[in-house]
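Before any comments, here is the structure.
For reference, chains read A, B, C and D in written order, and residue numbers begin at 1 within each chain.
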Amino acid sequence: GTAPEESGGNEATTDFLPCMVSDAGGFNDKSFNQLSFEGLQSAAAAIGAETKEVESNTESDYQGNVQSLVDEGCDAIVTVGFALSAATIESATANPDIDYILIDDPADGDGDGQADAENIKPLLYNTAEAAFLAGYLSAGYSETGKVGTFGGMEFPTVTIFMDGFRQGVDYYNEVKDADVEVVGWNGDTGSFTGGFEADATAKNTATNVIDQGVDVLLPVGGPIYQSAINAIEDSGKDIALIGVDADLYETDPSTQDIVLTSILKGMDVSTSEAVQQAADGKFDPTPYIGTLENDGVGLAPLHNFEDKVDPTLMAEVESLRESIIGGEVEVKSYLSE
Amino acid sequence: MSHPWTVAAGAILLAVLVGSVMIAFTDERVTSAAGYFFARPGDLFTALGDSIGGAYSALFRGAVFNPRADGFAAQIRPLTETFNYATPLIAAGLGVALAFRAGLLNIGGQGQMLIAASAAGWVGFGVTGLPFGVHTLLAVAAGIAGGAVWAGIAGLLKARTGAHEVIVTIMLNWIAFYLVAYLLATPGLLQAPGSSNPKAPPTPASAQLPGLLGERYNLHWGFVLALAAVVFVWWLLNRSSQGFAFRAVGENPRAARVAGIDVPWTTVKVMLVAGGLVGIAGASQVLGQVTTGFGGDIDAGIGFDAITVALLGGSNPWGVLAAGILFGAFKAGGTAMQASEGVPNDIVLVVQSLIVLFIAAPPLVRAIFRLPDPDRRRTPREARKARKEAA
Amino acid sequence: MRLELRGITKRFGALVANDHIDLTVEPGEIHCLLGENGAGKSTLMNVLYGLYEADEGEILLDDEVQHFAGPGDAMAAGIGMVHQHFMLVPVFSVAENVMLGHEPGSGGVLDVESARRQVREISERFGFHLDPDALIEDLPVGVQQRVEIIKALSRNADVLVFDEPTAVLTPQETDELMAIMRQLRDSGASIVFITHKLREVREVADRITVVRHGKVVGEASPTASDADLASLMVGRAVELTVHKDEPRYSTGLLRVSGLQVVDDAGAVVVDDVSFEVRGGEVLAVAGVQGNGQTELTEALLGLQDDVSGSITLDGEELTGRSVRKVLDRGVGFVPEDRTHDGLVGEFTIAENLMLDRSDGPPFVRSGALQLAYRDDFARSAVAEYDVRTLGIDTPVGRLSGGNQQKVVLARELKRNLRLFVAAQPTRGVDVGSIEFIHKQIVATRDAGVPVVVVSTELDEATALADRIMVMYRGRVVGIVPSTTPRDTLGLMMAGIPPVEHGGEAA
Amino acid sequence: MPGTPSDGVEKRQVTQVGWKAAGGLIVIAALFALLLVAAPRDGATKFALSRGSDALQIPLLEIPAMPLAWSCLVLMALIAAISVARTLANRTTSIWAIAAFGALFLVGFLAWAGAGSSGTLSIVSLLSGSLLGAVPLIYGSLSGVIGERSGVINIAIEGQMLAAAFTAAIAGSVTGSPFAGLFAAVLAGMLVALVLALFTVTHRVNQIIVGVVLNVLVLGLTSFFYTQVLVPNAATLNTAPRFGSWTIPLLSDIPVIGPVLFDQAPLIYLMYLVVAGVSFALYRTRWGLRLRAVGEHPKAADTVGVNVERTRYLALLIGGACAGLGGAFYTTVAIDKFGLNMTAGAGFIALAAMIFGKWDPVRAALAGLLFGFASNLQNVLSVVGSPVPSQFMLMVPYVVTLFAVAGLVGRSRPPAANGQPYVKG
């Protein structure tokens, strides 16, 4: 290769240092850690900053990891996941000069309905709203009259998708007097792989859901959709997949032939915005709640399924979206309580 | 010359060398400089020095002493973090080591810690109105009891049915994992009130292990507890009649039986004590380390690390102490390495395991560093040569 | 084939186990190797067999220098060895053990049938009755010994080494073995025979070489007296007969009545056994190995699970008590298998000397070991029992067998005993140590303790006993005075009760 | 039990049948009865005996749940009673009776759990999933069996499989052929085995230490290269081709069993061969005889000219190859990507299966199948909609194993020289 010029090229143009701690899933989790990380990177690119980040392996790392970023002199620290809530509150209380952005948790340890420290901005996402649309769409799309879902672990951030999805299907049944069934989640119990790894266990769970005769499948939890794809391939059936968090069609092109749509959870955008606000000195600790209304959550385009889905169904979904935003149709979730 | 310490130093050096290669591999400065090595070789060496030196100095800053901090009290903070991380490793390592001395392989540290943490945590936030001190002691005792019970199940099954402890402890790990997951997700059990996350309420101050060196450090009394456990296990194994029975059963259960030692009951006792020691680790996690409410991975993989710690420490309490502190340093320093230099944590895992491997195989280390073997029998050829030289 | 060892030297660290040993064995000769425990006999044979590499010296077969890299080479050169500790895989059948290492069959697939055939052929030739499919672990030691011999013979060995093959054999079995050795010698084999039993030496040896401290100290003629051979071996005069006075009975009493022991497989191994031993007398339990003697002693200590009947010591019932309680009642016990049941090999001598008193005074007070007391005790025991060791902190597994046996005896005899039970106390021990051990047992008897000694060695039984109890298939054939003729005892050991010889038939 | 035998000197035999079997049956039947009384469920349960794609279509069986469950319970109680009677008469309970009891319990429990659900209990999926779940466990346990039969404790099965899954993913992705992945996996398994052998056989390091540490080492290395190399190059290095299923004509048309056993990926057929082959080799060949001799009594083997070290090296390497095949399952059959720590403790379960199977290849395979079945059972039930919380369902396989090991297997004796380094002489 050729040697670069002596002078260093892309020096940071600001000394503002945004940082991030992952939860035990790590930054490659194909889920919220990864999306938040992308948000951080795009913010850093926009303001010309360097970043520092630490991956956690277990929950007893959180405190130390947040502290190590404090020691590194970070100005804003993004902590990903409800599991980091306590460590974030503690560190925020001890370091009032640093801005904290906590994803997926209201940072409300004392239960007073407010974040426990003034320098924490919680980012929350009412994904049930978007999942509701996906449920309605799936129910209308399904020809076998069965749609399926399964999750990684039974966490609220996981079941919120499944709850919304189920409500969407129920709503469809109610409106259309149909009888579409949801396999894998009955509102209380359901199918879980026991972890967030795309492994043989996850594939086995997917296979068992598929064997019930579903033709739409919603795997909730990081990379486990990959196992679902393999299960779909092996079943030899024509089954549509619904992605979560990001638009799978874009983030994983290998899914383009089977992904019906994705339930978007705009962590990248909201994280990026929050970091940029902090960099501009306009840090605002008011909790952000992503909804259909503010486009914090949403439904991805149909892409290749454009011609497989009845346009009238899509029109219904679109108007359903308006009704949810307008409050005519109510979506229940732990965030709306 | 080839004292055990020399071998240990050699082992660490070797492992650190391998770690260096991996660090260099991850560093873009190094890979890009390597790309034009022939154009400007100096760059590669500078880059190598920067990345490897940077990483290890970050490790040192994170684990021992941070000269960049203001004032000695802050500079020495990393060392206290090392002790902090070492605390559960030492306690759980003792639990594994003790069982090992009695001929039992305790792979169940994970489950024992989870149950211990749940028990200690529950006494912590579930029992109210106790004065500080009493509450802490009660919570620690609950943790010890929890760990003891969970390990005791394995001991009992082994004693009563002969079920192999390796299988039983592995199965109990998973059962504990899902049991605690259930408890944490169920309101009224371990779940924090008002929360829907699988997470326990914070440990109230009255039940916490208080800070050892004051507010500015995280180091808590759990460390003292771990040190006390080291002394206790040393006494138990080397100075007590009970430990004598444990060791006798471990070395030769048949002779122990003939000598009047009740082998099945001893097996149960060993597992109870071992579980209790691992229980200290679990209790110290929720009462000292993560006092803000724990979740399902409060064991933090320590149950498995403990096996390595115990084996590296030669199943001897002082060895476990040293190995626990070494691993604690790697944990504390690994975080700093990642935060400051972006070096992935997995390297620490690799370096740790290489150290254990090399320390366990002195002949290999001696061969690599050409150290003499203190107690080797001479091969005939060398003996002849030596005689010729003498003549 | 003529075997010659020239200047063999073998060192273990600082210890010179073989020091320039020369040895020649002619074809058609039985050459006995004598020497005390640890003299270096087994080491020399292991060098010959390729298990150890000699530091110096060479091995010649028919005047050709051999270079053995391992036992495989030695076997190929025509050397066969019957090892002191059987080299048999317990979970394998006889045929599998015999074929191991030179398996018949094509393409790596075993031809078990031809192995069976080979076992049967050799068995017939020597009048063994061996089932090729029997598992080794189910066979009595005497039969296992035959398997070892068949193993050596199946390779057509010309030089045969027997390292203490008779230590575990009954007199009859020993006689049979010696007959086989003569048969082999007459067919031209060169035989090296190691034993501690002087009677055997005089019976079969053509030539005798004595080693001491790793050196050849001389040759002896097969006609030499036992006393001469013994003093040559040990380097001092040895008393070969046990001196004991008439018993002076004390008040102590062991009474066993209607004792039955059932083993794990459901076999009744001790069947309705009753006897009494009074304080101050020795009851020797004789019989062919495997007729319930081991289980009887274990039942006395509470080691057997399924026991019925009654055992009382000084009027106190012992059955159903834990081993701990029985030991605490003052029962001393020397197990048959010292390395497995008597000692913890990794423990030091001092630790082993407190092994069965690890839960109370004087070694333990309020749960804590009394180290100073323990070490004093150990030093005095080592001195008193002449345990040859570098120190009391030596792991006991490093001691030679005879010295290990002394540690067990010291531990048991240095307690306040009310009953002493010893199984095979002198198995594999050299004459010097036997003398010592026998003296200790007699001293215990003279102190008024009832003593039960199990021995397959008739000489030992008659020498030590005041009365002899013979067992056969778990039952008592008879209890007879120690003056009973050997022939009668021999018949009793085959299950035939004594007729009107004054014994109290049971 | 004193008695007077006809021949005073013949050895007598006294057998005492234990209460373990009968007691176990009673307890299980009682627990099941308690469940049915405490939590009765309405509706019918739908059993499917064939899949939509099968040649022979068997109609869906829709059976009222509670009557079926109660009938099973009655039959179970009957068997338990017979077992009690036999025990009283000092006779053993036959293994077939226990098997029948187990089957009845299973059917009854499935009926209860699936009652009223709209889902169908597909027996073919249940069994087929069990088989697939068992594949890495079986291959892994073979690695353990071969190694430990030669006297080397192999805790490193987990590491071997993880390394194999990793290399299979890369090799498969780069070449585009699952066979290349399989080959690379075998090499990786053998490489880890070689390190194990080097340290334990040549340097005589404590075998448990080396095994435990190798697991950590492989986890560290694969995680490192996964994040550093595979993630940035996922499309080229971590998108592996997978084996499709090879349908065996005729055999796969057998109802229920056919699609389960004979419509699978080649790695599964290979597994049948490997289990049978290892079993044959271990007991019927020269290699196996020597291997077992070395594991039981290395010195005896040495004295007849068997090279102990070489035998152990070879055993570990062959075992490593087996574990490699098990690891290959993850990335050439199950899914097409390597993931962090994707074996997730299967190596330890394989170790348990090996002990459970008493160091015998066929029994270990059966133990692996039992575990696979228990895992998949929880899976199927949770999909059908069982009323039990998911955490308890996930616990099922481990609880089943625990009961099986403590209740049925009991004491298992490892090869005598297992774990002991061999020092010549």
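In this section, a contact is a pair of C-beta atoms (placed from the backbone, for glycine too) under 8 Å apart; a residue touches a chain by one contact, two chains touch by 3 or more.
Chain identities (UniProt): B, D = ABC transporter permease; C = ABC transporter ATP-binding protein.
Keep in mind it's a predicted model, so treat the numbers as computed, not measured.
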_Chains touching both chain C and chain D (ABC transporter permease)_ = B
*Listed by label, which chains are in contact with chain A and with chain B (ABC transporter permease)?*
D
_Distance from chain C to chain B (ABC transporter permease) - Cα centre to Cα centre, in angstrom_ = 47
*Distance from the mean Cα position of chain C to that of chain A, given in whole angstrom*: 75
*Separation of mean Cα positions, chain D (ABC transporter permease) and chain A [Å, integer]*: 36
*Give, as an integer number of Å, the spacing between the C-alpha centres of chain D (ABC transporter permease) and chain B (ABC transporter permease).*
31
_Multi-chain contacts only, two chains or more: what residues does chain A have there?_
154, 194
*Of all residues in chain D (ABC transporter permease), which are in touch with two or more distinct other chains?*
227, 389, 391, 394
*Residue numbers of chain C (touch at least two other chains)*: none
*asked:* Once the touch criterion is applied, which pairs of chains come out as touching?
replied: A-B, A-D, B-C, B-D, C-D
_Touch list for chain D (ABC transporter permease) against partner chain A, complex_ = 51-53, 118-120, 122, 125, 129, 132-133, 136, 227, 231, 235, 239, 242, 244-245, 329-330, 334-337, 339-342, 344, 375-376, 379-380, 382-391, 394
*What residues of chain B (ABC transporter permease) sit close enough to touch chain D (ABC transporter permease) in their complex?*
22, 25-26, 105, 107, 157, 160-164, 166-168, 170-172, 174-175, 178-179, 181-182, 185-186, 304, 307-308, 311, 344, 346-350, 352-354, 356-357, 360-361, 363-364
_chain A contact footprint on chain B (ABC transporter permease) (complex, rising order)_ = 32, 35-36, 39-40, 43, 62, 66, 69, 81, 85, 88, 178, 181, 185, 193-199, 202, 218, 285, 289-290, 292-295, 297-301, 331-332, 335-336, 338-340, 342, 344-345
*Contact footprint of chain B (ABC transporter permease) on chain D (ABC transporter permease) as seen in their complex*: 199, 203, 205-206, 208-210, 212-214, 216-217, 219-221, 223-224, 227-228, 345, 348-349, 351-352, 355-356, 389, 391-392, 394-395, 398-399, 401-402, 405-407, 409-412
*Which chain D (ABC transporter permease) residues qualify as touching chain C in the complex?*
1-2, 8-16, 284-287, 289-290, 292-293, 296-297, 299-307, 416, 424-425
